[in-house]
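Shown below is the structure under consideration.
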Amino acid sequence: MSLVFFYVFAILTVASALCVIAFRNTLSCAFALVSTFFGVACLYAMLEAHFLAAMQVLVYAGAIMVLFLFVIMLMNLGREEILKIKMSFVGVLGILIGGYLATILLLRLSGLTSGFPQLANFGGIREVGRAMFTDFLVPFEITSFLLLIAVVGVVVLARRET
Amino acid sequence: MTPTLAHYITLSAILFSIGVTGVVCRRNALVIFMSIELMLNAANLAFIAFARHRGTVDGEVLAFFVIALAAAEVAVGLAIIVAIFRKQGTIDVGEIRFLKG
Amino acid sequence: MNSLLTATIFSPMLGVLLLALVPRGRETAMRAVALVVSLLPLFLSVVLFARFRGTGEFEFQEIVPWLQGYQVDYRIGVDGFSLPLIVLTAILVPLVVLQSWKDYEGRVRGFLIFLLVLETGLIGVFCALDLFLFYVFWEAMLVPMYFLIGGWGGERRIYAAIKFVLYTMVGSLLMLAAILYLYFAGGHSFNVTSLYGLNIPQNAQYFLFGAFALAFAIKVPLFPFHTCLPDAHVEAPTGGSVLLAGVLLKMGTYGFLRFAMPLFPEASSVFLPAISILAVIGIIYGSLVSMVQPDLKKLVAYTSVAHLGFVMLGIMSLTPQGVMGASLQMLNHGVSTGALFLLVGMIYERRHTRQIAAFGGLATPMPLFAVLFLIVTVSSIALPLTNGFVGEFLILAGSFKANPITASLAATGVILGAVAMLWMVKKVFFGPVTSEENKTLTDLSFREVALMIPLIVLIFWIGIGPGFLTRKMEKSVTKFIERTTWHPSIGQR
Amino acid sequence: MENLLFGISIGALVALIPALPLVGGLLNGFIALVCRSRRRPVPKPLVGVIGVLMPLLSFALVVYLWSLAKDPAVGFTTPPLWKWISVGDFIAPLSFKVDRLSLLMGAVVTGVGSLIHVYSLGYMSHDHGFARYYAYLNFFLFSMLVLVFGSNLPLLFVGWEGVGLCSYLLIGFWFDDPAKAAAGMKAFIVNRIGDFGFLLGMFLIYSHLSAKGLHDPNGLLTFEVLEKFKGDLFLIATPVCLLLFIGATGKSAQLPLYVWLPDAMAGPTPVSALIHAATMVTAGVYMIARLHFLYTLSPVAMQVVAVVGMATALFAALIALVQSDIKKVLAYSTISQLGYMIFGVGVGAFSAAIFHLMTHAFFKACLFLGSGSVIHAMSGEQDIWKMGGLRRKMPVTFYTFAVSVLAISGIAPFAGFFSKDAILWQGFATGHTILWGLGFLTSGLTAFYMNRLFAAVFLGKPRDGHLYEHAHESPVSMTLPLALLGVLAVVGGWVGIPEALKGHDHFFRWFAPIFAYEEFFAKIEARGHGLELLLAIATLLWVVHLSLFANVLYSQKLGRMQKLAEKMGKVRLVIENKFYVDEIYRFLIVRPLTWVSDKVLWRFTDQKVVDTLLVEGTADTVGLLGRALGLMQSGVIQTYALLFAVGAVAMIGFFVL
Amino acid sequence: MASVDWTAIIPLAAPLFALLGAGVAILLLAPFAKRIFPVLILLVSALSLVYAFFAAWAGWMSGAPLSLGLLLFDRMAYGFDFVLILAALLTIFLSKDYLPEEHIKDGEYYALILFATAGGMIIAHAGDLMVLFLGLEVASLSAYILSGMKRNVVKSYEASLKYFIMGSIASGFFLYGIAMAYGAAGSTSFTALQKLTIPPAEPILVALAIALILIGVGFKIAAVPFHLWSPDVYEGAPTSVTAYMATAIKTAGFAALIRIVLAVGHIPQIPWTTVLSTLAVLTMTVGNLVAIRQHNIKRMLAYSSIAHAGYALVGVAAALQKNVMAESTLAAVLFYLFAYSLMTIGAFAVVIAIGRRGDQAEELTDYAGLAEKHPYLAAAMALFLFSLTGMPPTIGFVGKFYLFSGAIEAGLYGLVIVGVLNSVVSAYYYLGPIVKMYFQKRRDYALPPLSYTLVATIFLCVFVILYLGLFPSNVFLMARESVREIVF
């Protein structure tokens, strides 16, 4: 049963991911991306990582995608702009490379057969929180600096000429 | 029938490859960013699958950091794009090539 | 005073400091400073020579630990091979300063500074007994030479300077790799004396010898590696050419004597015939090509190829006569070719051309010049009672003992070299004065004659009484042969 | 040997012989340089005094030594002044060999040399390079004396090369004439080719002896030591002798290296007399005589020497028949006479060869000086067809020249007769009958062309009135040496009148201790005096007839002669052009060599192959690679990403697959 | 994971805290700093760096290495700290007069430099792949921003964009690699990775993890074929930032590489030598070959920096022999990074000195005749270039000497030969500017007066390059001491 769900979500994820890289319209890409994020979030949920699934939806599908959309709107990329994007030699090569990479990975990774142990309380917000503020305090703090730097960066880079 | 680790990891590999393909193929800087997000998501999926497989919570914490990192990166990246767009009026990376050789 | 050698090496640096202090524009003062300072190493090296006992061991040794972690020492000392070359260097530098007395107005300071730095590098190369130290001097000397050629040279000076540096570096960097290998193979030591007689596996010896030999062969230059020499010689300023021909080329042959051969006797014994043949080719080739050169400096440069071929042949003979001849010939070539370049520089100063075709009948307006030139030519084509003869004669005698065929072929160089030089002399000095510009040429000034005199004296001194040198070198020669001779039956000594 | 002059050691005393001219040369050279660069006139008296005095003093010293050398016939080697070269067993001490051979040679050199120095006072008096001339000449004497007295091969080689250098300088003395400078260079180079052989010969001896483990404190190449180790040299005697003989063919102008000598006539005439007739060119003969003990070890080498000598004699005589330049005729005659000497040493007749060397020095110097006198008188004209009838204008020259022509023609009792006859006889006696026949023929040719020259210059009618009007006898400084040499040309041969002619054969006996070897004596003795006498008379008749014939022909029947010459046509052309040897050499050796050097070695190998292809090719390849790799840097992010991905996939593939 | 005594961290991580704190303080001070004291920000950042230096010194001297799981405090980490701090310090000295010329806001600039340095230090001290990665991101993100800071200059933005995109891709790979490592070892800490063996770990996961992580790190150190961003970014970025990136960020990258190799280098199934040698050869060769045809000095130095990364990779490849790190070779790498940083910063300092307002004078032709007009500047530049070439008696030579001798000791002869041949090629292009400066005709230009900080920087570099070129022992011994005891 869960395998069916898995396939549903997996197909949703992969299909929308393909749409992200295939659509011509940037806006469509963004929406496809949102769909991908949702698919991934569902998979998180299937893996009992409910907290992460929530974060995925909130941060990714919410915050990050809004940013993207905001920028797309800001730039007001018209159709003409989009049409210029054509398949090129590099693009073909890129697809070949990507396909090759996928093949390598699939060939070797599909060999993993282990299943998942039954666990109580896996992925609960409590466990995650504890780990984050004890064992992983250092990376957590570093992450906060990352965000600080990002803030500074945005200020510095996107500020209009004075 | 439940999906095994292999299913998830395979899926994440596909997702990763799609991300790489997107980065390589597209000339639109925004779409490139999106493809990068796909790669990060693939990693996250792997993290969580492994965490589930190992039964440790570490992977989830790591995935959380990645989400935060992604947010920070996107912010900076979009800021750069905005700056460039203001100056050049395009986000086609094929046209932004003053530096070469 | 047991740091006499160090003082000799670094005394030119004093001049660099002083030159930096001379105010801009006071060029005569700069020249005077450089001259006086360059007499310092000359004095010191003569003192060294006088005190040198010629025991065959390294004398005046100084050892100071340098790099910890790696057993690198500041280890210097001289033997019969290096000391004469040091004296030669110290003699040539003041002459170069004198020669350039009227040149390079506005750019004198740099010229003199690089000259003095070069002197330190050159003397250092000949003193170093630690491979690391040797390499440092060897490479460091490239820099001033590069600037001298590039900054004060002729038309294609940049091409020549870069070619010179790159050529040298190809060899020397491979040598560095070999030096490093030797360090680890030889019980973590760069000390030459302790590396002599080291048991190195056969195959490794071949590669190591190859690396060393390549570096030195390029410097010598041995036959197929010679093409940077004509360019560098022609484009370098007179002083640069003098030191290039006079001393720098000897670094290659010295390298064979000091390092490549005694360190790897077995490989030497294998490569010896090949190098001898290259040397012979160099002799014949150099002479033939020099015969048809239209440019005076180029001609002299190609004769250098031939002369250094003789030196290599002598070294490869591994006989006392051959090796002694070679080390004498190193000196002789320095004196004679140095003198030739000085003379060519003098005429270049007057006519701003070195094309043989531009001259003719110079003996009429410039008799003094012609006489000096002839004397030097005679020394260069090794007529008896000049220095060149003693060297070449001993080399041929020694190498004939080792291999009559190569020696016989090399002896044809005696003919061909004479053809080249005399043809040039004929075209430059004899015949009627055809060009108007040549009719009004002034003969050498007192300064110019004065600076030639030491070299002329040396030409005849070594030619008539070489004993003062051979006595001090003899033990070193035997030592070299002892170290280099490889006896297959008993392996290494 | 204790009885010495002013207490100077014997070594130093012998050293003084060459040293005096050296000092003279240095002084004169210095004067020449100073005057030239200060543009002051040369103090000719001073230069002259120095220049003449030094050879005279040397001559006196030789004579003095001669008086000492009477007792020990074999001579001695002086203790070295210092060891010139001393490396391992290779030792070349600065010591001198004094024996009858070197003393005789020294006496000839300094004696004739002194005379020519005197002669030059007059001959060169108007030349700008007076001081330079004397400097060179003195240097020459120095070198020649080192050659003669040197106790070992390297020292001999010093002189050998030294005379070559002086010859180069003196031939090109008037250097502003390119042809003269070229002649000097040619002489030097051709000599160097010979020296090449000489060097190899020396090295062969040395390496052979050294390899045998022999050594001697005086060096292995000292003559005394060589003689001592004669037995050890047996194996290599033939190659050594042949190699050394190459040197001799260069210096003594034998086939095939004789080509420089005719050109060498470009030098001042006294120089031709001294260097290119009397002394330097005989160095080869001297060297072989010096090493007679070595040559006698190798019959093969001796045979080669004899054949080459006689061939040269005949060949040069043929060319001399048709030359019209007075000095060229003399030059070819010199080559021819040198051929005799070489033939002499080749058959083992060392003393006879030296005898001829001496007499030749006298009469040939006299001839050259005489021709110099003529040229002087004719304002530099050298073409014999423009002369004629000079007998009356220049009596001293005429008589001395006549005597010398008789001497060279081999007419008794003049000097040449005895010496040439000794060589021919001894050649015949040792069984070289065919060569003797050629020698006989050549002697006739010699008589013919010498008398042709004589007749054309001095007899008959003046052919150029203008030149004839201005002709005059030379000053005393020139005629005096002429006269002295003329006397010597007459009496010089009397010291060696053979027993067959009721003489005492002094010369032969005097040298017997040096060239002593029984076999040779035995061969000669065996033939008996009767045959010797017969052959001598035959030769004499032959040359007298030809001499007379030539004299008559060229003083009176000149027109007929010219018709005859025209009929000869092509043959004459070939001979007149000296058998085109110079041209052949130029075509076969000089031009290919320069062409190869220029086009193949320099422009192709050096510039194209090594420089362009290998050096710059490497650089260009590196540059090209850089350019190609630089294409990656297109500036487009996509490309970068693609390449990144390619790299990444490659890496992943490497790890995973 | 053991519970951690966080108070113990404070003195040990003082350098890190100092920089982060100073960075935040500068951000806060920036709006009013000019009014208080013109160079207040510079002063604060300099002082914080100096303090960090001494704190690191204290840490280094205290000896006993300490592992706190996520952060390591061993001498190697402090050793990298020294290089990073030095590079940052020299960079801010370079920047003082450069920033106003380029209209760069100094507050954010200095803060970001401090943050980036802190990021580098986090890498050096990381005890966990995730920490290392985050440190890398801190440094990278700061660098992305820094390289885009030239106001309104499209090249600067382009540099930033390229750097960002390529950097993100690399991060993606790196991250995926971490995920694989996590899958293989069950943890991302080096302690866990140290114990990793095959089996029980899945070989495929280990291999993938290492490959992907190497790709990510390869990007940071600009190893070929992951180098393509660097010439463009180095050219477009503000020169002082280029100097910083070429030195500090690259050093941080090597710190990451070395930490990772130390952690997983023991796995015998991985062909370490082959991989690292191949990377080294490619990196040296491509860097040097392409550098030949550059005419922009910044670009040329960018390629040269690629090439130098290749040399350092030789050291890393040589250090890891038979899956054990050789002490002195690792020390050689550390020494080389230090040496390289000095010469590169020196060279960029001269580039800044020559550059003028409005026209950056970055073309090689702009250097024509410099020696006549500014002999000392030209001499300094020549020295830096000779040092980069590896001519004795400069630190560049000593550095190469140590590296190559390590490689010879490890038996990597082929690698050394490629290395030395590359040095010859490099000589060619390093001589180019010297040719221009010394042998070509003067080009008339008026330089703005040199600022004291710039002169001091150049002088310091010259002095150290020469002094350590002659007497490098102490520093090398210190480097060797640094790598003697390494914790996980």
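Letters A, B, C, D and E mark the chains as written, and numbering starts fresh at 1 in each.
The working rule: a contact is a pair of C-beta atoms (placed from the backbone, for glycine too) under 8 Å apart; a residue touches a chain by one contact, two chains touch by 3 or more.
Note that the structure is a prediction, hence the values are computed from the model and not measured.
The chains touching subunit C as well as subunit D are E.
Using CA-based centroids throughout, the chain positioned farthest away from subunit A is D.
With centres taken as mean CA coordinates, the chain nearest to the overall protein centre is C. By the count of C-beta pairs in contact, the leading chain pair is A-B. The distance from the centre of subunit B to the centre of subunit C, each centre being the mean of the chain's C-alpha atoms, comes to 65 Å. Note: centroid distance subunit B to subunit E, computed from Cα atoms, is 26 Å. Between subunit C and subunit E the centroid-to-centroid distance comes to 43 Å (mean Cα coordinates, whole Å).
Put simply, the C-alpha centre of subunit A and that of subunit C have 71 angstrom between them. Multi-chain contact residues, meaning those touching two or more other chains, occur in subunit E at positions 130, 134, 137, 141, 144-145, 148, 152, 157, 160-162, 165, 169, 173, 204, 208, 231-232, 293, 428.
In subunit A, the residues touching two or more other chains are 88, 90-91, 93-94, 97-98, 101, 105, 108-109, 111-112, 135-136, 139, 143, 146, 149-150, 153, 156-157.
For subunit C, the set of residues that touch two or more other chains comprises 166. The full set of touching chain pairs reads A-B, A-D, A-E, B-D, B-E, C-D, C-E, D-E.
Subunit B makes touch with subunit E in their complex at residues 9, 12, 16, 19-20, 23, 29, 32-33, 36, 39-40, 42-44, 46-47, 49-51, 53-54, 56, 58-59, 62, 65-66, 69, 72-73, 76-77, 80-81, 83-84, 87-88, 93, 96-101. Touching subunit B in their complex are the following residues of subunit A: 1-3, 6, 10, 13-14, 17-18, 20-21, 26, 29-30, 33, 36-37, 40, 43-44, 46-49, 51-52, 55-56, 59-60, 63-64, 67-68, 71-72, 74-75, 77, 81-82, 84-85, 88, 90-91, 93-95, 97-99, 101-102, 105-106, 109-117, 119, 122-123, 127-128, 131-132, 135-136, 139-140, 143, 146-147, 149-151, 153-154, 156-158, 160.
On subunit D, the positions that touch subunit C within their shared complex are 33, 36-37, 82-88, 90, 154, 157-158, 161-162, 165, 168, 172, 175-178, 181-182, 184-185, 188-189, 192-193, 195-196, 199-200, 202-204, 206-207, 210-211, 593-594, 596-598, 601-602, 605-606, 610-611, 614-615, 619. Within the complex formed with subunit B, the residues of subunit E that make contact are 130, 134, 137, 141, 144-145, 148, 152, 154-155, 157-162, 164-165, 168-169, 171-173, 175-176, 178-180, 182-183, 186-188, 231-233, 235-236, 293-294, 296, 299. The residues of subunit D lying in touch with subunit B in their complex are 630, 633-638, 641-642, 645, 648.
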